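In what comes next, chain A is part of two complexes: it sits with chain B in the first one and with chain C in the second one.
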Partner chain A sequence: MRGRPLLYRSYEQDGGLLNTAAKRWWSAALLAVLVWVPFQASPDLVLLLATAAIAAIGAIGLNIVTGYAGQVSLGHAFFLGVGAYTAAVLNGDPAARSGVVGYGLDMWIWLPAAGLVAAAAGLLVAPIAFRLRGLYLAIVTLGLVFIGDHIFREAESLTGGVGVGRKAAAPELFGFSFAEPGTILGVPLARDQGLYFMGLIALVIMALFARNVARSGVGRAFAAVRDRDIAAEVMGVSLRRYKIYAFVISSFYAGIAGSLLYTISRFLEPGTFGLLLSVQYIAMVLIGGPATISGSIMGAAFVTLLPRLIEEVPSFVPIISGEAAGGFLTTQQLEQFLYGLLIVLFLIFEPRGMYGIWARARNYWKAWPFSY
Partner chain B sequence: MTRLLQSLAAGVGQGSIYALLALAFVIIYKSMRVVNFAVPGMMILGAYMVVYFGNVLGINFWIALLLAILVGAVVAFLIERLAIRPMIGKPVFAIAIITLGIDVLLRVVTSDLIGTNIRNIRDPWGLKTFNLGDVVIQHRRVAMVVAAALVCGLLFLFFRYSRIGLAMRATAFDQEAALTLGISVGTVFALSWVIAGGLSALAGMFVATGSGIDQQSAFVALKALPAVILGGIDSIPGAVVGALTVGIFEGLSNTYQIQYLPFLGQNFAQVVPYVILFIVLLVRPYGLFGTPEIERV
Partner chain C sequence: MAVVSPSATSRQPLTEFLGGRTRAGDERSLLEVSDIVLRFEGVTAIDTVSFEVGPSELFAIIGPNGAGKTSIFNCLSGVYRPESGAITFAGESLIGRRPHAIAKLGIARTFQNIELFANLTVLDNLMLGRHQHIGYGPAAAMFYAGKARREESRHREVVERIIDFLDIENVRKAPVSMLPFGIQKRVELGRALAMAPRLLLLDEPVAGMNLEEREDMARFILDIKEELEIAIVLVEHDMGLVMDIADRVLAMDFGRQIAIGAPESIQQDREVIRAYLGEQHESRGGES
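Up next is the complex of A and B:
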């Protein structure tokens, strides 16, 4: 079909991952840029990008349950925490200071295990979740965050306890550590570059998987449940089954993201997994674009890079202060303030998020110089 | 026995705070079918306003409280007008998430105003106590119960006898029918937010009695959500009963849990409301007094 790239002759072609030539070329170009970037940017920026890539995995997870399946979950922080602690416990040093458990296992065990344990936690919550709809579910998952927070604080043999914390898992796969300078395929990598490629590879795999789920029958069932649950059930889509699927897949993603996220900061504190973290992930999904994978990635990148942008603000705006004491708002407070504000503004003005902005820009240039 | 009665008294007092907050949730839910996650922010702002008017400006406590309630009502009115009104007709999730965003905004600003120290209010009750037999009861607990009872009574009279109260009930029952009968549904929305804002500020003042407020105090308000769910999200009597139940369980757990169930850890009382929430929703998905949603296609 040379010269007629938009003519599809089968549903497989139409629903394909890269169904247009532009998508194929630009995806390849994007991947090339992403491989090239870490060798050019400064190490702290590369680490931030690595964080963004891993956070994107978590955002994709939340997007599956909230964006695709339409079940508002405020409990994402809990599943991130479960993943992070599973990894830390399995990887931890068995001979470390008394009272904190560790098994010293390799990454190929703790990474899948973190996902699976979080998924199991999701399965445990799902029976409550599929009986409830809408806002009741939001409130229950809110409760989950507080109960989880309590467990993380009190289970000192696993988490180290409040204010003490424990070391996070170290990303060592078959003797190769992503978190230390090393050589792979003859290319020398610094710590930040190693972590960046770990995050990037994980993100590409997880994003592809999520994209495939979304365009399969399961994804269509999710959309049916989201758009009108009764109509979905009438058509033979089992609400119970697909709500459980959505929760389990979403918490699996959260588990993986949680376990990888703290390999960068190398440290876990039980107070981290509170409501604020959940709101952050909600912000990623809503700012990026609900029910889109690329949107989740954009949202995660935006929310992760936001603090870095904000650090520059005090030099321009006098009432914002970089120090903890001075000014009307500190940079950290400004950051939270912006999460709140952006959630509100995006929902009111651009419910499709950054993906919607991108789609409008794309369509504008597609038709340029005509208006449609 | 004394210990039991004492923890019950503390629990009922705490439950009264939850009752005020639960009413704030339910009144908004009934009028616009939205869970208002901004209540914690509104509550802590109200509490801070009492601190501001009472301590910083040195105004008499009662006038300060009145002003704080007024500020709470005005802020709630503005939130409704600026952020919620443009969203009417959109999915309720979107509106609920907006309130969550607003909650973050309010809490950040209030945290900054509160600062890093604990702020106390100059309430007339302090930590004074009186004895009822062997049971020692704090004055502020009594004040909470009286205030909650008074508010419930006033709201009952308001909804039962006033014209706008009737309009609010009609709107809760069927929005479109109310609209066709000439009821200004917009005014009803605004009024429900104003009432909720005032109630949150009042509750905030009570939260600040005793040990004062700090940056974490806002989360107390979220514990009213289990109370709301327990009673059924659209039932005002249910909310009050749910709030008292949650308060009592929290009080009991404060006293007895560390002795009998030590493996649950310290401060378990703080999460008791959420545990109750899970158990109740497993058994009765629409709470104890809520109307099951009947969906017609």
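Up next is the complex of A and C:
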């Protein structure tokens, strides 16, 4: 095939994920950088990147239902919470005196279980969701967040209750803990590096799964339901079935993300899973790029790293204050304002999100120097 | 970008994948519509219409704008539910079935105003036509191995045959929204064909096309009927085309069935002439 990189000898090759030499090279280079980074950056930045990687799993999940299948869901925080608490309960110390339930199970049980329990919750809600679309669906899923928030606050034996909380699941897989200093393949890893690699591995696997779904008949059916639902049904796509699939897969991703996310902060507070969290995930999808996996990852990285960037602002903009009270704007207010502003700007100027900006830059350089 | 068929020597003809007759039973008529009525507030879109379509027959429905032609298609494909009357297809009643279930029975259609999935490529649109023949679910899709991979290749093979047949190889990977109107119409026909239907409903397949495009489309329609032996119901304002290719014609006006029969007899029918002359006088005319 030398010298004819774009000649495919089978349909399988043509549809492959890394079907050009350029894609293979870039992926290898990206992977090398991602492995190299945690040994260079400061521990708190590495932890933030670990958070971003796990958040990206959640963003991919929301993108499946909202970006690919076109069903706006504001309920993502609820499924993140279900995953987080499933993991915490299954992993929790059975002998703890704090009064919360725990079964002391290993990560190989609690991780898939978190995904499956969240998916089951999605399956329960889906029959209501598939009858609705657009604004109505958004409102129903908004209600879900409020109901979930209430349950998390009240179910004290599971969540510890408001102001008390409980320990999150500890990421221990067959005796190896990602959250404690250790060695992998002879390389010593600090806590932040261990968590980073846990997040990275989980993200790569979940992103591949999502990419596969997207390029399969299931992903095509999602796009058909999103773009023209009547034509989709006439083509033989059952709207009900595919809306439910999208909802369940999305909840599964949220469950996995929720279970891993709090292994970093080690602590779960029931008030976490409110509307604001859902909005952050919507921001990741819209800013990153709807209906793209790489966009979800870019969006998650951006939204996760934004607060860190904003913390630096008070040092050179005097009217913005780092303190809770005082100054014209607090950094937290600035953060929320920026989410809102960015969502609006992206929706108006680049609906394909950061992915769209990247795609345009790529095409520009592809055509270089004949770019105009 | 070139795609070479993996087995260029053992190319099966399109009929192997899509033959309509081979799967048909020996029923005398494939589709039977009897006395259907469909009303919207104030309008009776279909007023007691009955007809039959035989296996591999090319049956045309004509009539002035608003006569109820598209409404009949919508009843056949389950988008609307007629208020009374019966529709049976290959012995099964269609009334009350969801569109996707009707698609599964073997009815495919194109739309008067192109209803392609605009964000997707030509390939993906045609692959969506294969949807009901896909046997793997989301769990298998996640791994994209074994069964899912084999099935995707097999469906791609069928879709490539259709791309060949319709002569749209060079736009395979283009998003459909970028394509000229005439090509979009062709892609929509391809998507319906990919469903491997026993009955194909074509709603104004040549509307808005120039003469050359019309002739190509007429050729495709005849090939589908004669080589693939798929029964067709054709709604069309182009009388020349209808009279040339249809086996039988149903003429409608204001939801009513005014004549049914061979093209020659329809052309002579006084009510039909009046409906169309009236149309000219009141300038309700569509495309000539």
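The definition used in the following text is that the second predicted complex is superposed on the first by the 364 of 372 C-alpha atoms of A that agree within 3 Å, B and C clash if a C-alpha of one lies under 4 Å from a C-alpha of the other, contacts with A are read in each partner's own complex, and residues count from 1 in each chain.
The definition used in the following text is that contacts are C-beta pairs under 8 Å (C-beta built on N, C-alpha and C of every residue); 3 or more make two chains touch, one makes a residue touch a chain.
Note that the structure is a prediction, hence the values are computed from the model and not measured.
Undergrad: Superposed on chain A, are chain B and chain C clashing or fitting side by side?
TA: fit
Undergrad: On the chain A superposition, what angle, as a multiple of 10 degrees, is formed at chain A by the C-alpha centres of chain B and chain C?
TA: Taking chain A as the apex, chain B and chain C sit 80 degrees apart.
Undergrad: On chain A, which partner's contacts cover more residues, chain B's or chain C's?
TA: B
Undergrad: For A:Ala224 in the superposed arrangement: first (chain B), second (chain C), both or neither?
TA: Only chain C; A:Ala224 stays clear of chain B.
Undergrad: Applying the document's definition of touch, where does A:Arg308 land relative to chain B and chain C: first, second, both, or neither?
TA: neither
Undergrad: Which partner does A:Asn212 reach: the first (chain B), the second (chain C), both, or neither?
TA: Touch status of A:Asn212: second partner only.
Undergrad: Please indicate which partner A:Lys366 is in contact with in the superposed arrangement: first for chain B, second for chain C, both, or neither.
TA: Neither partner.
Undergrad: May I ask you to decide whether A:Val234 touches chain B, chain C, both, or neither, giving the answer as first, second, both or neither?
TA: both
Undergrad: Report, in whole Å, the shortest distance between any C-alpha atom of chain B and any C-alpha atom of chain C after the two complexes are superposed.
TA: Between chain B and chain C, the shortest C-alpha distance works out to 8 Å.
Undergrad: List the residues of chain A that touch chain B in one complex and chain C in the other.
TA: 230-231, 234
Undergrad: Any idea which chain B residues touch chain A in the complex?
TA: Residues of chain B touching chain A: 34-35, 83, 86-87, 90, 92-94, 96-98, 100-105, 108-109, 111-112, 219, 222, 225-226, 228-229, 233, 264-268, 270-271, 273-275, 277-278, 281-282, 285, 293, 295, 297.
Undergrad: Within the complex, which stretch of chain A touches chain B?
TA: It comes out as residues 70, 72, 74, 127-128, 131-136, 138-140, 142-144, 146-147, 149-151, 153-155, 230-231, 234, 275, 279, 282, 286, 328-330, 333, 336-337, 339-344, 347-348, 351.
Undergrad: In their complex, what parts of chain A are in touch with chain C?
TA: 6-12, 14-15, 209-210, 212-213, 215-221, 223-224, 227-228, 230-239, 245, 248-249
Undergrad: Mind pulling up the chain C residues that touch chain A in the complex?
TA: Residues in contact with chain A: 1-4, 6, 77-79, 98-100, 103-104, 109, 111, 115-120, 124, 127-132, 134, 136-138, 141-144, 148-149, 151-153, 155-157, 160, 191, 195.
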